[in-house]
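Both of the next two complexes hold chain A, though its partner changes from chain B to chain C.
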Partner chain A sequence: MVSDALAEALDLTTFWEYREVLLRGLAFNVYTFLAAATVSIAIGLAAALLRVNRLRPLRWAGTVHVELFRNAPDYIMVVWVHFVLPLLLGKLLGSRIEFDPFVSAVIALGFVYSGYFAETFRTGIQAIPLGHLEAARACGMSERQILWRITLPQVVRRMLPEAVNIFVSQFKATTIISLIAVPDLMYRVGMVLQQEMKPLPLYTGAALTYFIVVYLFAGTVRALSERWRNRIYA
Partner chain B sequence: MSNWERLVWNQREVLLKGFLVTVEICLIAFAIAVVGGMLLCLVRLYVKPLKPLAVLLIEFFRATPIFVQLMWVAYVWPEIFGWPGTFFAAGCVALGVQSSGYLAETFRAGIEAIPRGHREAGYSVGMSPPQVFRRIVLPQTLLASAPSIVNQFTVIVKSSTLVSVITVQDLMFQALKLVTVWYEPIEILTVTAGIYIGFVFLVSLAGKTLADRLRLRYGLAAA
Partner chain C sequence: MHVESGVDAVPAIRVVDLHKRFGTLDVLRGVSFDVRRGDVVSMIGASGSGKSTLLRCINRLETPSSGEVYIDGEPMGHRGQGDAKARSLAEINMMRRDLGMVFQQFNLWPHMTVLGNVIEAPIRVRGMSRREATALGEECLARVHLEEKSKEYPARLSGGQQQRVAIARALAMRPKAMLFDEPTSSLDPELTDEVLVVMRELAADGTTMIVVTHEMGFAREASDRVLFLHNGLIEEEGPPSQVFGAPKSERCRQFLSKHVQ
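== the complex of A and B ==
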């Protein structure tokens, strides 16, 4: 009985039959990830700059942002953004607003992971030797020039390994967007399941697909970023 | 303000019940994760023939999203292994094995960071290999990885929101149920999010305090 079930679970013909539908679902995971990652990097950098600002209220604002989003579970944030945020905005603007599930997913995952990026950016910024900044000021660079020419290039290289880990978590988190009906891979697996009633091969196939995608993605990005770092430092 | 009273304060017992289920699941999953992670790590390091299997399991647990793994454990494992029988158990096991993969790597890093001389010193005073492990390697590893272990608990709490999907009646489940009953998500979901954020915040604060204490007392735990 055990071996029968195992054979059924590993018999992926059903999974393969629906490969086109499922692959299109996986594309949704990738889109959501790319959009959310862009949002997180932008907001994370902004929050990190707040946290190293000279003005105390701004520093506090950055800290609140980081603590709020780093400690928030992905799922409740996705649900909150999808169901509560449109209502609040609607009250504010005096009209009915609804978010497309995809938009909610990008906002929620973008903001949650911006907290992690903010911390990574901040440690990178604070690790830059004071002498570099003083040298730049002595050459007459403006604060903005210092940020773009001296600080950020070093920060990006330093934070790459940690950033890859955050990207991997963020990509894995895109699976929960099926719960607010973004038609991603898991959502489509659920739909196929209603027709075929074969949870064993479908869920096993989904798990294996994600495993392979995440594993290859993480390995490739890690190798690329290592090579890039080595070339620059060497 | 009456909305808050009607939707949140009057439902406090339901929410509290859900929160207790959340805590229960997280604690059980955490126990599974620590024990399972240690086992996987030991097999990987010291049991040569089983090493590829342990590596495969660790990588699989780490690279699969928790939601996918949860569905997989809940719907596929009972058919293959005849276990876990309930969704509650499935939730605990899924959260536990996911984190055990991460903890196995944490423990391995801790064990490999112990200077060779410590072990050799143990042998030279006549300790057997199990004694060396129990008295010299294990305490240092646990101390060094204590902050990461606490951190992993916060990951479990965050992921535990997903067990509501397989109808385990945790805080998230109760909150979503209240939303479908009243059709007024603002107050309930905001409070629920606040509870989760506050809980995770307190746990990670405890973790940071613990790390500082350990560093002061033993000069360890550099993270």
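== the complex of A and C ==
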């Protein structure tokens, strides 16, 4: 019995038969991830800059952002953004609003992970020695030039390993967007299941696929960036 | 305004009645002095006497509580004489181009090559083309004898080499004066000489310099004037022969007896 189930689970021919439609689903995971990661980085950076601002109300706003989104479960955020947010906005604007599921997924996962990026950016920004900034000021560089030319290039190098970890979590979180009917890999596995009734190989195949993508992505980024990152250390 | 003859009538740096307070701590209590063009002024004094604060007030890394600094006759903090409006940060950035600063901790930017460090401000602040800046950067690296290191990253250099790159970086802005804040104090003794050699060469070339230092040999031999700072005031001031040879102040005498072997 057990070995039968095992053999069935490891027999990936069903998964392979449907590879084209399934992998097209994986593309949705990748798109969602790329768009959400972009949103997370932009908003995370903005929140981090608030958190290191001189003005207390701005620092406070940054902290609220971080705590709110870091502590919001992905699952609930996706559902909330897709079903509740349009209602609220609709009431506010007095019209009927609906979000495309893909847009909801990007907003939800983008905001949730912006909380993690904000903290990573902030730690990185605060780790830059004040002297580096003073040397730039003494040369007449503006605060904006210092941020983009002196601070952030060092922050990115320092935070990249941690950022890869966040990216991995964020990519894995894209597996829940089938909940709001984004036709991703999991969504399509569900569709195929209705015809084939072979859950074991299909789920095993999906798990393996996600694993391979994440493993290759993280490994490649780490390997390619290592020299570039470590140049700044003695 | 009074009129004097000759260009040198206007000092390169004029510090007038500078005060700096941190909370209740009076760090500078009315400091005034001039640095003429081409002069090297060494500033000595015990730790905590306000030397760094004075340098940092000159290029406005610190904002003075009162008093003014003039660069080539231009007030650093205000748009004109008297009670004219305070300068904006953008204007202060413009004025800072004219003052090169070298720090005790080098403060090179570790993600840029040696040449990258030197040409960054000429490109971003002076608006030079990369080609123009590179030629200038190589010339400045040659002045500190590091032209062959231009493609290295700072982490691969010794402390003495890093400090010389920091000097080249300041020179590349073609400043009217250079400010040195204990440039050799965080170097191993065997590395201080290569930095002092470069500084002596700059001095001999007619660079206007204010040098905060504990290197009494440099202060005595390379400077035109020596200031001894004590508790936020200039306690003794004069040519090195006088300050080292016949100090008037008892505190200066004591300080020198501890620091000159």
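Here is the rule we go by: the second predicted complex is superposed on the first by the 229 of 234 C-alpha atoms of A that agree within 3 Å, B and C clash if a C-alpha of one lies under 4 Å from a C-alpha of the other, contacts with A are read in each partner's own complex, and residues count from 1 in each chain.
Operating definition for what follows: contacts are C-beta pairs under 8 Å (C-beta built on N, C-alpha and C of every residue); 3 or more make two chains touch, one makes a residue touch a chain.
Everything numeric here is computed off the predicted structure, so don't read it as measured data.
J.: Where does A:224 make contact in the superposed view: on chain B (first), on chain C (second), on both, or on neither?
T.: Once the two structures are laid over each other on A, A:224 reaches no partner at all.
J.: Give the label of whichever partner, chain B or chain C, reaches more residues of chain A.
T.: Between chain B and chain C, B touches the greater number of residues in chain A.
J.: Name the contact category of A:132: first (chain B only), second (chain C only), both, or neither.
T.: A:132 contacts chain C only, not chain B.
J.: Once the structures are superposed on A, label A:97 by its partner contacts, choosing first (chain B), second (chain C), both or neither.
T.: The answer is neither, since A:97 touches no partner chain.
J.: Classify the contacts of A:64 with the two partner chains as first (chain B alone), second (chain C alone), both, or neither.
T.: After superposition on chain A, A:64 lies in contact with neither partner.
J.: Looking at the overlay, what does A:23 touch: chain B (first), chain C (second), both, or neither?
T.: neither
J.: For A:142, select first, second, both or neither according to whether it touches chain B, chain C, the two together, or no partner.
T.: second
J.: Touching A:42, do we find chain B (first), chain C (second), both, or neither?
T.: neither
J.: Considering only the touch criterion stated at the top, classify A:89 as touching first (chain B), second (chain C), both, or neither.
T.: After superposing on A, A:89 lies clear of both chain B and chain C.
J.: If you look only at chain A, which of its residues touch chain B in the complex?
T.: Within the complex, chain A touches chain B at residues 1-2, 5-6, 8-9, 67-68, 70-77, 79-80, 83-84, 87-88, 168, 172-176, 178-179, 186, 199-200, 203-204, 206-207, 210-211, 214-215, 218.
J.: Once bound in the complex, which stretches of chain A touch chain C?
T.: Of all residues in chain A, those touching chain C are 129, 131-132, 134-143, 145, 149-150, 153-154, 157, 231-234.
J.: Spell out the part of chain C that touches chain A in their complex, as residue ranges.
T.: 59, 61, 89-90, 93-97, 99-101, 103, 105, 107-111, 120-121, 124-125, 153, 155-156, 166, 169-170, 173
J.: Flag every residue of chain B that touches chain A in the complex, lowest number first.
T.: Touch residues, chain B against chain A: 59-60, 63-69, 71-72, 75-76, 79-82, 154, 157-162, 165, 172, 176, 179, 185-186, 189-190, 192-193, 196-198, 200-201, 204.
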